[in-house]
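Here's the structure we're looking at; comments come further down.
By letter and in written order, the chains are A, B and C; residue numbering begins at 1 in each of them.
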Amino acid sequence: MRPAGGSPLIELKDVKVYFKKGSIFGKRKLIKALDGVSMKVDFKEKVAIVGETGSGKTTLGRVVVGLQRPTSGEVIAYFNGHPVNPYSLRGRARKEYFKNAGMVYQDPYSAIDPLMRVRDVLRIPLLYAGIKGEEAEKRIKEVMSRVSLSEEYLSYYVFQLSGGQRQRLVIARALLFNPKLLVADEPVSMLDASLKGDILDLLNSVNSDMGVSVLMVTHELAVAKVFAQRIHVLYLGKIMESASSEEFFSNPLHPYAQLLLAASPDLKHLKTIPEIPLKKVSEIPSSANIPPGCRFHTRCPFAFDKCIKEEPPLKEVKEGHEVACWLR
Amino acid sequence: MGFAVYAQFFIPTSLYKAWNNPAAWLNYPPHVPPYWVNYFNGFKNPPSFSLNLPLSLSTKSGNLYVYTASASFQYAYNGFPSGLTIQVSNAASIVTSYLEIIKPDGVQVAVSTGNSFPVITTSPPLTSVASNLIYKYTGTYPATVTSQQVMAALFGVDGKGMFNETLKGPYKVSVVIYSNAPLNGASVIINVQGSSYGLMGTDYDGRPIDLGILMGLPSTLLLAVLTSVVSVGVGVIYGGLAGFLGGRKDDVLQWFMLVVLALPALPFLVTMEYVFPSGLSIIDEMLLIAFLSWPAYAIIARAAAISVRSLTYVEADYILGVPKYRSFFTHVVPRLLPFAVAYTVLGIPGAVILIETLAFLGVYPPGLVSWGEMLNSAEANQAALNGWWWWILFPGIMIVIVSAPFVMVGYAIDKIVSPRVGVK
Amino acid sequence: MMRIEGLKVYFSTPKGDVRAVDDVDLEVEKGEIIGLVGESGSGKSTLALAVMRLIYPPGRIAGGKIIFEGTDILSIPINEYVRRFRWKKIAMVFQASMNSFSPTFKIKDQFFETLKVHGYEGDYWERTKELLSTVNLDPSIADKYPHELSGGQKQRAFIALAIAMKPKLLIADEPTTALDVVTQIQILRLFKRLRDEEGISVLFITHDIALLSMITDRIYVMYSGKVVEGGTVEDVIKTPAHPYTAALINSIPTLDKTSVKGIPGSLPSLINPPKGCRFEPRCPVKLPVCSEKEPEMFGVGEKHHAACWRLAPNRA
């Protein structure tokens, strides 16, 4: 199942994250945010998790960064070279370990407290990690220049910065502890078009110059295409298709992936709304009510009886290309 | 506010003690309305005035010193004074004395005022004068002589109408004192107690209301401000912590908060007063009131803290290893501060009212004056029934007036400081 | 059908007037879908609000006309505007309109209320059913509460509300953000159908030019309070005449690209706009005159114009 080459940085094996929801009165619902996800991010790799709202992509990102304990399944991280299950570590040790992973949030306006000074945003986490004074100052200047934010901004207040600048600051903050991995949750979806390129460039350079792996979570396939080396398509908590970026975009196999591709923008076909292969205009099922068998069968135009009864496993059909579909 | 400062510093503490001592107020006309009512009712209520008659030695023979003094005044009021007092500053050695009043129409009223001072309106020397006059005009002696009758005798027209009409014009007063020791520099003070006094009138014991208002101000304000500050401070921190910590700790904190919230304030406080028979000091009272008030603020602070807690940057802090208490101070407190300030100011009027209500019911640190207490004695003395409106009106109004500016300031602060959802 | 001439919308602040919309000309014909694209700070949403006369202090209309079917809707008294135009001739779908439904009333109640307030004559229930089917929603939706519907359903329901009184113009401000791609496509299709079958013109406002490329007839590009380019969708996307448009197209990730390039620099101040071209500091092809004089609108093709000195360097 693993492609050859590249040493893994973090691996998820059949990770499930279930949430219990409901009151004492009503029925208890089980929300299956992640329903058995196996994937990995290699050293220095750029991976994209593509999915719509409700796919579980944000939860996946949070599992990788240490904010969400899996209900079941294994997480194995190699941040220090040898395998560790970080969720088996207790409190402080776990937090320390996860400092090797940084988080870049979606909304630059709420990811940093606007009332703080820029310098403090970076200084305080360092302080509580035991880095202060000159050493801290040096580190702060390092990350600021890494994200191309001029030092003069250090004395500003966050609310004086623009959206693009704030997002750079978010990335700078995530780089404070020299992480081996960055999880970027929709890092450009709230930015104007003219800024997207810069932030994506920045993430690219962080990856190539610093050797930091990036796990990008997004709903825009076009963004994934422009950035990632490897794509995983997530639907209702399970991976539907995995492939290298080149392979995926030239040969998408899963009907859901094809649907997403058809609906993604391109400027070649003007004045035409793409036809999307969808069974009927049906809504996405909720994660509390996942359809039996293949979870996509309710909307899949190609579904047949096996799809309704049995869930297809994620199978490698070509080297490095996996699909979960009975059609293959 | 200036008044409060003035009252705090310039009124001697002795005055406070004196408040509760009726003897100190003898010279003041009891339960009379403010002076300015005269403008409305055709000058029926003369103000009080004093005549200071320095004594001069007229003759001396052996051990007997004879002093005289005299003065004259104009009387133009349509109403009678309520009383008269005669005081001598050094009365120990006086043997006897005489008072003579010459009314504008020439009628002389002469009285032997003896040697027991102060002589007040209902003292026998004066009452017998009145009694005789009444007999002269009506043919019968009255069974008892009231102050009004004495005043009518002295200041009324001579004749049957002496009770209805005052005699206006120049009056001349003379005093002769026989003393067996020198009275150097002594003087006689004749106090004509009008039936109006000052800006706000007087209460049953003659205590001027305006003085009482002034004295009540600093203590009330001090107590109210202290109470408000403490209860908001405690409440905001408590609620902020509860909201921020969440989970079990939040539940426990909330439980306690709700218990306190449910306590009925007034009965509780009154009970406390009786449980501690020595009475409550300022600090005690403040602590008790604050103890009952803070939950209200805690609830709001908690809600605010909860909304902050779920903000992304708080979570980001956590990932980066910033301890929770630090997050609390960096993110939650600055956002709670402006609201805390606004509520402190707004809380003052509430505290004022609570304090005055308690005073009205009799719960108050001893040795202090308060408007509620004034209202209390007004009620006890049946002010409403007697038509002594000034006694009720002024303390009551003050309670409201003192609250108003705080409410306005607090409201303004709230407007400035609360985050408003703006356009873009 | 609607012509905006020289529109200026300013917001007064202690530091001076923020010129959100600064002398804008724009036209919408009957049966057209017009796209208005711009980033944050371009003034596009403010323009929409101005057409709906929803500009409140500290904002004000500082100049210009909006002539709708012969009447300058900015000059008539507000109650006349509300009575004759708002929601009857011109309607608007805001961003996240799906959150505009009151959670305590059923969908059909909110429809009835709207119909009543605007004086619809005819059976409310019939019209509600009609409207819901126009937006491809099952009439059973009407009996539900808003929280029982998905985001896409709510947005479509709101669009149905917006066209309740058969307006001539529907303004849609970012109608598809926060919705998934499939729903996005459905809404685009819906707008197309509204234009084809009901003759409603749509002014589609967004920052995502790729969306516009799918359904619009003509596009206007706004930058920093001004219209910098206008033309048919082919003209603007295939042969953009203004450097900003070109840079914008270059910066959006689409499937046909392998990389994107952002636009360096930042927006000029809206309080103290520069005296020359507003895009000049960030423009890769600027001329000396660009920092001196504001460019006029020059014609490039039949319906294509842009405000750039490069189009008429001899006039500079």
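What we mean here is this: a residue touches a chain if its C-beta (ideal position, glycine included) is under 8 Å from a C-beta of that chain, and two chains touch if they have at least 3 such contacts.
Computed from a prediction, not measured in an experiment: that's the story for all the values here.
A.B. asks: Going by the contact definition up top, give me the pair of chains with the most C-beta pairs touching.
C.D. replies: Greatest count of contact pairs is found between chains A-C.
A.B. asks: If you average all the Cα positions, which chain's own average lands nearest?
C.D. replies: Chain closest to the assembly's C-alpha mean: C.
A.B. asks: Could you state the distance in Å from the CA-based centre of chain B to that of chain C?
C.D. replies: Distance between chain centres: 68 Å.
A.B. asks: From the C-alpha centre of chain A to that of chain B, how far is it in Å?
C.D. replies: Chain centroid spacing, chain A to chain B, equals 72 Å.
A.B. asks: How many angstrom between the C-alpha centroids of chain C and chain A?
C.D. replies: 32
A.B. asks: Please name which positions on chain A make contact with chain B in the complex.
C.D. replies: 65-67, 95-96, 98-99, 102-103, 105, 107, 110-113, 115-116, 120, 124-125, 128-129, 173, 176-177
A.B. asks: Touching residues of chain A toward chain C in the complex: what are they?
C.D. replies: 52-53, 162-164, 192-201, 219-223, 225-226, 249, 259-261, 263-274, 276, 278, 281, 283-284
A.B. asks: Quick check on the complex: what are the chain B residues that touch chain A?
C.D. replies: 311-313, 315-317, 319-323, 326, 330-331, 334-335
A.B. asks: Looking at the complex, which residues from chain C come into contact with chain A?
C.D. replies: Within the complex, chain C touches chain A at residues 39-40, 136, 150, 152-153, 180-182, 184-186, 188-189, 192, 207-211, 213-217, 233-234, 237-238, 247-264, 266.
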